[in-house]
Each structure stands twice: as C-alpha cells, then as structure tokens.
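Okay, so subunit A shows up in both of these, paired with subunit B first and subunit C after.
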Partner chain A sequence: MNISRQMIVSALEAANLAGSGPRECIHRFLKDEDVLLADLNLDSLATMEFCIYLELNHGISIIPHDVHQYESLNALVNLIEEMRS
Partner chain B sequence: MLFLNKLIEHQASRPNFYALANDRRKLAYSELAHTVQNVTHYLASQGVLPGMVVGISITDEVDHMVASLSLLAIGAVQVTLASHESDEARKLLAERVGLSLLLTDKSDVRLSNTPILVWDDLYFYRQSVAEVLDKSDVQGMLFLSTSGTTGGSNLILFTEQQLSLQAMRHLDYRDERLMRIAPVEYNTSKRHRLYSLWNGGENFFRPSSKIAEVVEYARAHDVTCFDISRMHVNELIAMSNPSLFSGMRIRPGGAEVPSQLRQSFLNNVSQSLYVRYATTETGAIAMATPSHHDEDATSGYPLDDVEIQVVDHEDKILPKGEVGEIRVSAPGMATAYYDSVAQTQLRFRGGWFYPNDMGYIRDDGQLVIKGRKDDMINLNGINIFPVDIERVLESHPEVKRAVALGIGSSIHGQIPVAVVELIDVNGVTDVALQDFARAHLALRYPRRIKFVENMPINHQGKILRHEIKKLFVTASQ
Partner chain C sequence: MIQLYLRLTLHCKTINQINRVHIALENWMTPVKWESLYLGLTSLEEYQFLKVNERGVPTSANDVQYAQHDWFFRMNQMYAKAKTCEVAQPFLRRSQRQHVILYTCPGDCKHKTLVVCFTGLAQRMMIPLAPFLQSFNAELTDILMVRYPKGKGFRHGLEGLSDSFEGTIDALQDLLSSKLYARTVAIGVSGGGLPAVLCSLKLGWDSVISMSGNHPNDERWQEALGFRLAELIKKYQKSLNKKIPIFLAYGWDALPDVAAAEALAAILPATLIKINPKGKPVGHVSMLPILMSGKLSQFLQNTILKPTITTSVQVSPARVLQAYKDDSLYSRVLPKLTGPRYFCIGFNKTGTTTIGRCFEILGLNPIAEPRSPHMDYQHLSHLIFEYGDFDRVLDAAEHFRAFQDRPWNIWDMYQRLDGRFEGSYFILTERNPETWWRSVEKWLTVSHPKDHDKLLRYLKHLKVDRLEKATFLNAYQAYNQAVKSYFKGRDNFLVMNLENGDGWDKLCPFVGVPIPHVNFPHANKQ
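The block that comes next holds the complex of A and B.
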C-alpha cells in the first residue's frame, strides 16, 4: 500500500468513527477499493481528529472543512500525493 | 466602625467635597457622617445588632451607600440582594448567608419569611444630628460574591479591616471624582465606592444606564475618573468624540482588554487609559497606566504592597519571561471562601491566593496575563493559550471579537476552536478566517470557527465561557 493510503488509514483509525460501517469501509480501502466519504460518518469532531492526526504525525495540513470538498478517500489520497510532491 | 471614623475625619478635613452625589441628592462630607449615624441609631432601634446578617435591596445609589455605611458602623454583616437578580437567585443567596432582615426601598418586597425594614430616606435625611456612637471596637462585614463566569459563584466575607487595607491601595481616589457605569448593587462597584469614601474621594452616580447619558453627566459634573466595563470600550470608541473625555482617567475593568482594542481606544478616545488586573478575592493587584500599553497588553506593575509570583505545577517560582500559574499576596485579601472548603483549599494555599490565571512577568517587571488556567488548551501536549488565538483572529479587519477554547477529544486531548463575532455578518467566511489564522498560528489554529451575533458576556463584559462551550456540546452540530 502506498504511503498516502497508509497515512489515511492510520488517521481514520485514530479518529472516533461511530458505528461498524466505517470499519468495513476502512477494510475495503485497505484492499485498494475506493470509499465515499459520506459512508464514513465523519462528523465534525471526527473530521478534526482525522486532520490533526495527519498534521501532527505526517505533516500534512488540511483544514477540516476542506476534507468534505472531496468525494472519496481516493481523492484525498491524490490530494496528499500532491502535497507531498 | 472603621469607615464611620474615617468619615468623621473627612468631615473635618474636607467638609465641602461631595461624598455621594446623584441627580436626586448630594451629600457632602460635612453631612455624611451625621446621616450615617442617624441611620445607625434608627437601625439599632429596630433591633439590628452587631453580627446580624442584613440584606440590602436599595436601587438609589446614594441611599444604598448610606445604608451600607450604616450597617458597617453598627457591626452588622451585609449582603446585597440586587434588584437585577431574579427572585429565585435572591432567595437562594438569602438562604445561603442566613439572612435575618432585609433593608429595602420597596415596601412590597417579600423574601420568604425574612422580616423587612423599609428604607425611609426622608426620615433619615431630616433627622437632627445624632451622637457619635461609642462602639469603636465593632467591625461590620460585607459579603461579596465572585463573578462565577465558569458556573457557580463563591462567597467571601470581608471585614471592615480587610476593606480598609484594600482601600489603601487606592490613595489616588482622594483626588478623584469617581463615576462608575456599574451601579453599587454590583459588588465591584460597591467596593470601589467604599475605597473612595475611605480615602475621602468624591462619588458621582450615573443618572441612567444609557452610556451616552452617563458620559454627558460625567462631563457636566467634572468627573475625573470614569470606570467602565470591558464591553463599554467599543461604545466609547464608537462615540469618536475625544473632547468628551478630556481630563478624565478611563479605567475599563472586569475583563482583559486586548492590545488592538487598547490601541484603538488610545487613537480614538483618550490617552488616559488605565487597565486593572483585580480579583474579588484580593482587590486590585496591578494596573497598566498610559505608558504601559504595548503589544503584550500588559497588566502593568503590581500595586504597592502586592506581591505577585509565577510558579510551576509544583509551586516553584519561575524565572521572568516563563509562563506559569500566577499567585498573589496582598494586604486585606480574603483567606477563605465562606461556604466552600474544597474551593478554599484549591485557591488559598500557603498564604497565597491562586486566581487560576496563567501569565508571566516580563524582564521590566510588568505582568502579562495569558488567560485562565482552566482555559488553556492542551492539543497532544502542545499548550495553546486562547488569548494567542483570539489576538490573531481579532487582528482580522472583519472581526469584532473572538473567543477561543478547547473541546474534548479522546485522541488529542483538546482541539482548539473559536467563536467569533463579526463586524459585518457577511464580512468573511469561517473558512477564510481559518486560513488567516492558520497562516499566523500554524498548528495552534482553531480547527472550527463558529459565528455568533452577540458574544455571551456578563455585566462586567466577562466572557461566559460555559455558554460558549454549549455551542460545541456536540462537535457534530
């Protein structure tokens, strides 16, 4: 798995995601499937936690509000790839 | 009777100075001691005894102060049951202090089964001069409550001796004609009026609650010292008429005044700006005078006989420039809360009072407050002071006022967020403001910004953080 995907997985696992649905989404994402952000139930707190994790652990700074501009996790992967390049 | 004895001194040394004046009545020092003695005799004849807990509910400020001085002279314990409080709050306070009698200007007031005594000002002011009371060892006491911006409030019982020691930090009142926007039913105002009377100063009271009318009245009566709340600073700036305030020292209190706001005030209102750092428990601690206002928004130097230290979590004194918890020792300060052992143990330790504020002492000795200890935000071990976020947000031209706070996160400890009041509701978006903050604060920027039409504040202009926190009760909202 590429590094950007790993970053997203670790940040999602750190964030408080409610319910079992998001966990299944992460499993699918680990198998290189794309996942819609809407399926992750990322509420405001979880989004902030997700972003802060990326920022503190990987130096990737995304404003929480901007996360929801992206439709899927693959789109976020592309964003992170751009930021890292 | 310490205060009455002082009034008798002033009666001889400055008889023509106005001790208490409003648009109904003016009492010079030549009359005040006599009036207080009249009222004291009357109260004694009605069964008021030393140590009896008496509530005052009198809205006329001259009458209220005469009643307060008389209760001190008789050695009673007084508590203000303010007319702006709800009946329920007044009743709770009365029960908390064990009220025996209510002195009130309203004959229809009822407070459970507490007996009432109706204030009859015509009777008091027409009476012939009474004899000086011979109870010089009697000491009156005064209940004051803390502002309670984080929830409940604590009660403190001050003796006349303590109040007089605090008053000695305000010797400048002797040469001042004082006006305060907050009426004496508010604790801080009442205490400052007592300080002024102790020092022989002149006290003028507001004719109404409208700021423009108060300013006009102050101007017409040559007021030299004008005490306002933090929330009135903007209103005075909006008046944009510096001539109204010439010759007047203006002292905002009750809450921090950020550096940008001070600058705006200096540019648009007056150079004579004095910003106090004080607590209910200690009285005044430090004061920033006109030469002290800079980008640190300092609280100036400690007042005479006040000691300030900055300590770490083990109470070790920190060097200058290092941020830690502030502790204070001052003559006349409280040594305990009235009915809270737990709070007393937390805030009064080893002869020091811990105001729950963080800050540091600069190399030049001035005190800089960084904010409440409880308000400090801990983001994964990164300490973030709300004031640092607020200062950046308030430097944005569209922001009127900002408050930063931390919301709980099981992963990161706390996450910084902010509530902002804009000058124009369409002036800037939350995302643009977040970008602006991030550019200045890096990791410390607020991860969420909410807009409010009016910042929740109390009568002193202090931010009601518990109300703001409710906006983020569930961050998903």
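The block that comes next holds the complex of A and C.
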C-alpha cells in the first residue's frame, strides 16, 4: 500500500469512526478499493480528528471544511499525493 | 480557565491545531469551567468577537479566529439547550481509576442516583461534557464516567481494573461498594451501549439506556469472550432476580443502529426509542438531536432517572414517548377530544388499513394507526405485551378520533376502550379464516421473511408459541367470537367483511355520515 493510503487509514483510525459500516469501509480501502466519504459516517468531531491526525503526524494540512469537498477516499489520496510532491 | 485557554491556544497557528485544543477542552470542562471560560474570555477586549450574539467575526479575523468563533458558538448553543436552571451544575471531577472519573457535588450520596456512563470510541457521551453534565441535577445525581479504552474496547477489560470484561464488572462493583446510593442507573453510547446493558444486568442496577449501541452479534465480542455475547446476556438475565427497565435508543436513519437495537430487543425485554426529530437526519450521534431540541434533561428523567417500579413490573415507559416524539408528540400537538370514537378492532390482515383510509375519507381524524406521525404503535403495543400497561395506551387514545390496527385490537382491549369511551363505535373486520391465514403466512414468511420481531409480535398478539396454521386459526377465530359475544345485541357494533363486498353502504349509515363520492378504498390488497 502506498504511504498516502496508509496515512489515511491511520487518520481514520484516529478519528474513532463508530459502527461496523465504517470498519468494513476501511477494510475495503485497505484492499485498494475506493470508498465514498458518505459511507464513513464522518461527523464533525471525527472529521476534525481525521484532519488533526494528518497535520500533527504527517504535516498534511487539510481542514475539516475541505474534507467534505471530496467524494471519496481515493480523491483524498490524490490530494495528499499532490501536497507531498 | 482563561489563563489555561490562552496558554493552550497561544501557539495554535492552524485550524487543526486549535480544533485539537477545543476537542480536548470539550471532553474535560465541567459546566462551571465552561461558564468561567466563556464569560471570562468574552469580557476581554480582544475576544469580543467570540460573543455569539455578535454578528459574525471581524473581516480582519484569521482562520484560527474563525474556528474559535465557530467553536464558542456551537458550544454555547449546546450548553444553552442543556441549561434547565440559571446556575451551572456544580459537578467536581474526582478521578477514580485511569479510565474512571466521578463527577460529584459533595454531599450525602444516600439520597442520590448514581449514573454510570459508558462512553463510545470518542471517549465521551456523544456530546461535550459540559452540556451533558448540565442536563443532570448535581444535588440529586453523581456521574461516574467510564471511558472507552481506545484500540481495545470494553470487551477486553479496563486498564487498572481488570483485563477481562467480566472482571471489569466485578471491579466496578468493588469500586462502588463503599458508596451507598439510593439508585444506580446506566447510560451507554455507541461502543459503550452493550457494556452498560451487561453491567446493569449483572449488577442489578435500576435502569439502563443504550444509545446507538453496538450489535449483540458483533463478532469482536465473540472473539474476546470466546462465546456469543447473547449467551452472556441470557446468563446475566437469568441470574437477575428483578426486572429492570431497559431502553434502546437509535437514530431513525442509522440502519446499523436500528438493526442492533432490534436484535438486542429480541434477546431482552426492552423499550425501543426511535429518535426522529421531524424527519431530520440523526445518524449515529443520537443524543445530539435530543440535546438540541432542549429536551435531554427531560429525556433522561423520563427514561432512566424516574421509572417507577412496582412489585414486579415496570409501568412507566410511556413517558418515554414524551421525550422522543419531540414536537409531534400526541399529548402536545393533539388536544384531548370529547365525543364518540371509531374503533376498528379487527385482527391484522382483515382489511384494517382499508378501514383506516375510510376513516380518513370520512374526516374522522386524527387517526391512531401505524402510519400516524403522532403515535408509535409499536411502543404502545410493547407497553401491553411486555408490561400489561393498558392505562397508558388508553390515555393515548384520548387524543384521537378513529383507530385501527395495534394496539387497539390486542386481546381484550375492545372491552377497555368500550369502558373508557362511552358511546363509541366498534367495527370488527373479518375475512374467511383460510384466506386470512394465507395472507398472514405470506406477510410473515414471504414479505418479511427475516423480520423476527414482526413474527414475535404476532405470536404475542395471538398468545401462541409458533407460526402454525391450526394454532393461528384457533386464536383468530376465538378472538372474533369473543368480540361478537361481548357486543351481542349492541347497535354500536358492526361486523364488516371486505372480501364479501362490504363497503360504504354498510359503513356510512353505521357511523352516521353520508356516502362520499369516491370509490371504496382497497389498501394492502393481498
């Protein structure tokens, strides 16, 4: 798995996503499938935690408002790839 | 608090940095601390922009200031909704163990209720701590917060208490043994829902509510325990020598939470509470809309804090309706009516829905039926099935003109309705027993093959123990016969058989209205 995908998985874990649905989504994402953000049930707190993790641990500055501009996790991967290049 | 906030935010240059501080504060600040922070900070000249009644933030504000304004606005809004009195509830924080914190107002706990709270993965009760605590009366309650151990879950125990779940329950019991509370109740949210229920069963607490709790078949529990969670629930339930009120709340649109609550209710006698704030999205965070409707305190009062226990049966859950039906609650929206009522008391699948549509066309409103937005027919039926509480259901009927389906056709309800609502009209819908059985069987096995709860309700309604033609038919025919015998010779009683062509010409003269210029409806034709 590429490092951007790994970052997102770690950030999602830090976001404390509750319920079996999001857990299954992360499993699918780990298998290189794309996942819609809508399927992750990211509430405002979880979105904040997600962004905080990326910024504090990887220096990737995305703000909660911007996260929801993206439809899927693959789109976020592309964004992170761009920011890192 | 002001000094602490200024120190924590001094080096915050990004939105994410400030959000991190705010989340930590949300999970730590008691009502007194929050009020002290808000009032103190907004009294400073440079923080005037945080006042929520100011229109927006200055155009010169940076991103961090915008985030601060948003946070203060949101926090203040939530806190105001939780505030049921002028003063901040004076809870003090007393750490008990690594994951266990007591919020208490010093005083004799002999007259207090202890509320044991099991948090979810986010280590809080779905909402910030200050508005949560503010929803309780500190003079009457202590709050014991048991925080979800990140990465492990309650199923692997709690550090500092035990490394197993069952050991943790025993350790909690030891921890509480020196504190003699009048009552102990529990709330669990999300991943804390099941532990709250399990602890309550094992330790015989007085009441419990799980909000958006996990599914009892969650395989992670099985992995941790080595056997199915349902077995543990049944074991605890069996060893319990009293019946405790169990409430399971969920957002109407959070399908996994709905399934989880229904699955747990199939194992345990529990009251299901659907959180539906006028159709607005709720999702997993089901406590938030209750808070934002300004009714969290009332909701807690009506569920875990004040259920009345009689010698063996819990009788108060109808109060729950007052909390979760929000503004559409029948007792607030619909006035009590006088005059005759119109009851369709035929068994399900005999044309009851059609009669409901007839009532609608004839203007006999409001109608108490499954599709009514003003009542929860399953909850009312549950009151009868589980608690034999007919009085609450009869009270609900005060607000409606016409009635069909459950709970109005359960057992001898028709006699109770006849006693309460003198001069009312009763319609028994019936159909050929063979076609009725085919319709019921199809409904339960083809239309809803996996809906165990639906089947259970039928079994309870007919007082039978299995889905079997002869058993069902006997019960169905016995009910119809009992109704006919009861009303024999009465002119306020009508039998209708829609299969045989009964329609407006029979119904309208009976209820005393002209025949309308529309075709007789046929709903749910099978």
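Going forward, the second predicted complex is superposed on the first by the 85 of 85 C-alpha atoms of A that agree within 3 Å, B and C clash if a C-alpha of one lies under 4 Å from a C-alpha of the other, contacts with A are read in each partner's own complex, and residues count from 1 in each chain.
FYI, a residue touches a chain if its C-beta (ideal position, glycine included) is under 8 Å from a C-beta of that chain, and two chains touch if they have at least 3 such contacts.
Computed from a predicted structure; not experimentally measured.
Residue contacts after overlaying the shared chain place A:Gln6 against neither subunit B nor subunit C.
Of the two partner chains, subunit B and subunit C are each touched by A:Asn16. In the superposition on chain A, contact of A:Asn78 is made with neither subunit B nor subunit C. In the superposition on chain A, A:Leu56 makes contact with both subunit B and subunit C.
Judged by the document's definition of touching, subunit A residues 16, 43, 45, 48-49, 51-52, 55-56, 61, 63-64 lie at the interface with subunit B and also at the interface with subunit C.
Subunit C makes touch with subunit A in their complex at residues 14-17, 19-20, 23, 63, 120-123, 150, 190-191, 212, 214-215, 218, 254, 256-257, 283-285. Of all residues in subunit B, those touching subunit A in their complex are 379-380, 407, 409-412, 415, 430-431, 434-435, 438, 443, 447-448, 474-477. Taken in their complex, subunit A has these residues touching subunit B: 14-16, 43-45, 48-49, 51-53, 55-56, 61, 63-66. Only residues 16-21, 41, 43, 45-46, 48-49, 51-52, 54-56, 61, 63-64 of subunit A touch subunit C when the two sit together in their complex.
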